[in-house]
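Have a look at this one before I ask anything.
Read from first to last, the chains carry the letters A, B, C and D; within each, the first residue is number 1.
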């Protein structure tokens, strides 16, 4: 296969086996953990900073502005400058706050993000773990962030924070269902929960095209509910700037605030990459059935570029939503989930199951 | 109802009322004890229906403290001005009209805040702009050496 | 059945209305030519203020270092905030007459509300507005300005 | 343990009180709302005001009439021009000065431009209150164009101090008519975009329809004027009922609705922008020739008496009540500010709605805090 030139499987296996030859299995596992940890950390920081910059530029252009344009050419170093500022900002101790939980909350939020990244295949053979229950793992881990949010709201000893946290709890618990069901629709189609298998199954066509209308509806529902799950506008009720000042992170400052801030963007990146992996073929190039020449050209674009491109397309969609729509109210948010998304989703799963049973998909 | 009819009507309500035809409005001076009943009648009588209290202002007349009510009827589009004054500068008291016109709630609080006129039967008479340590700045004898600079 | 149609209609209408909004923002996103941001400190050279812009009060002097202020004090009277203070002195004119003239025309920029009453009421048109708007200074005392330049004199023919 | 359980039950009966403001993004200034909540439902709202009280009424008692004008700019800074006009009209009425048609038309044009820019800013901030940040920038972008027109003619952008007793400070700039026409042409294209972005949006409908209902009786009793009152069906447009300046020579519609909810308060303002543009278009082509100011005495003294002048600002009816004792300083000036009165209804209409609705209702009343505090 032509795109095997970009296959990382042999590369990663070579690292693994050479480490095995040099050390005992325990030390090998430890070394691999450290390598992956450092890599993920760096990736996290770089992507986070870039997304902050991208969001600023995108929203600026949508609002007829230039956005950051002072630090560096086109302001590309603006977020780094902001990060440096945040590192030096005083960490204000909050009176009567529950100190332990207050400090713990940002880490929980960030760790949830780390764990989710581990399962995502960036390219052929380039992922930390390839679990056979990948989809389930991702759903489970990405909803851990809400614990951090709840802890932050509770321990801040601030009424706004508490309202924000409670909203966030209600919101994420409800929208988890839709995210899960939307993914289940594709799992039915793919017949597997393993992310690498799902990607591999999209070799001759992405699931959004393969799965007829049900897959498309699942994609839309996944977009909506994952936007809600990451607490982004128009579902940013947990921080609802004009109602709750900053919601659950009102009392945070300095690097702890930066953690929340970064986690928000990382969560967006994670859900976007899940959407890209499951609906848009992950690192698979764009193929049109019989056009061999066209498919061949597409194969020469590295899979990592495909993956990043699809992810950023989804991220752009989410930014577009955020900067266009007004915010929903908490009861309307829940109405949207329970009265619209969930019933549609259930029907959608049924239709998809029927399609697969009849073999009517491509 | 034009001004003359309005004057006649007001006389028919109470012969003791002091009615003056101003350039703009018919002005009625009413003693404090009759204010509330007159206001109620002006609001409720079918012929006049003054349902819109659009301006309530407290005035320090030097000797007396007074309140001026600008009333308009949205049905007939005529206006009248009620004036009342009290000579008690220490504990000035007037009847509240906030149960007749709800807008008086806030406006009377403002008058209380700036002129110190107490409105009896007001549901929630608290200082509005200033805290309780301030005097009553719109009174003519108000002195503040720190904040008022005269040249 | 009807309720299901209503339900679906609601969804379609809702999505359609959301698309309308996205059309607006999206169209601006792909038309960077509509951006209105001015890069302010960089465009100082091209930035022209309107001629009537009320930047600060100045007293125009001609090339012979002469101004038109007679020191009558009308601007001081008309100023609502006490921004202007005029310190006058008595001078002896060429023909030996004693005459009141201006020593210092003090203008406190920090107190000025730019109501233009001083400029408007000046009987000899001695005051004017300049277009400068960058008033920030590091010391508050610098906001107190003397409008007449040192050594300046009353213009000939202005009473 | 039993002690604790007891505490919880008593706490349940207690209200969850939060302070919105004085520093809060959605109170548009230094308004403090003490909100009692039950869950997210508002039980009562107590406005605490006075954080920007400058004692303008007291200050007016020690300055002359021309000097009063620059203080009125600073009350409702978004309708600065209309506030100026109110004082000038009161003074002119007292002195029985006839002003020329040109002055009247200039004042009307400026007032309507002021109204449009005020509603633009309101639209911008209302969109922001509901979470649509993009509205904020679109509104401000278009408002800038009017401010440029103001700057060219009046010399400043917001607090214009353009009116003076007997006329206006400067004549219209030669480019004025051209620029206004250009703006109207531009804004007629842009306003439908506002509707696409926010008015037609299904989320916006959900957020605003049936929220904060104000009945006609309550609107009159609370004295709610301006677009907020007219959305409840209270015909209170001073421009129609007591025409001042050149409003008697233009035709325009008084926007009236009967529902009186947040949505209709919103639509009333959007429609008013259209009407204001109509008024401007009727006048801009034939501004009469003549002097831009009537010569007044250097020291203006009002004859003894009381004068009341009403005008329609962008937020409602502004009344100026001047008591003169014949001196050059007014004896007492009272400003019946529309925002102060409109604020008083907040508790009445926000009760029973969610806290997010409180923000929407507050935004739809279009409060300007310096005008409340004066």
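The rule we apply is simple: a contact is a pair of C-beta atoms (placed from the backbone, for glycine too) under 8 Å apart; a residue touches a chain by one contact, two chains touch by 3 or more.
Predicted, not measured: the structure shown is a model, and the values here were computed from it.
With contact taken as defined at the outset, chain A and chain B are each touched by D. Separation of chain B from chain D in touch steps, taking the shortest path, is 1. Greatest centre-to-centre distance from chain C is found for A, with centres as Cα means.
Chain centres here are Cα averages; for chain B and chain C they lie 42 Å apart. One inter-chain figure worth recording: chain C and chain D are separated by 24 Å, centre to centre, where each centre is the mean of the chain's CA atoms.
Centroids of chain A and chain D (each the mean of its C-alpha atoms) stand 45 Å apart.
Chain C has its Cα centroid 51 Å from the Cα centroid of chain A.
Multi-chain contact residues, meaning those touching two or more other chains, occur in chain C at positions 18, 21, 24-25, 36. Residue positions 62-65, 323-325 of chain A are each in touch with at least two other chains.
For chain D, the set of residues that touch two or more other chains comprises 134, 141, 197-198, 201, 203.
A complete list of chain pairs in contact reads A-C, A-D, B-D, C-D. Contact residues on chain A toward chain C in their complex (touch as defined above): 58, 61-66, 69, 320-321, 323-325, 340. Listed in rising order, the residues of chain D touching chain A in the complex are 16, 18, 24-26, 40, 127-138, 141, 197-198, 201, 203-204, 206-207, 354-357, 359.
For chain A in complex with chain D, the touching residues are 59, 62-65, 159-160, 163, 167, 233-234, 236-237, 240-243, 245, 323-332. Against chain B, the residues of chain D that register as touching in their complex are 49-50, 53, 55, 57-58, 62, 218, 220-223, 225, 234-236, 241, 305-308, 310, 317, 319, 321, 323, 332, 334, 336, 340-341, 343-344, 348, 373. Residues 13-14, 17-18, 20-21, 23-25, 36, 50, 52-54, 78, 80, 113-117, 120-121, 129 of chain C are the ones that touch chain D when the two sit in their complex.
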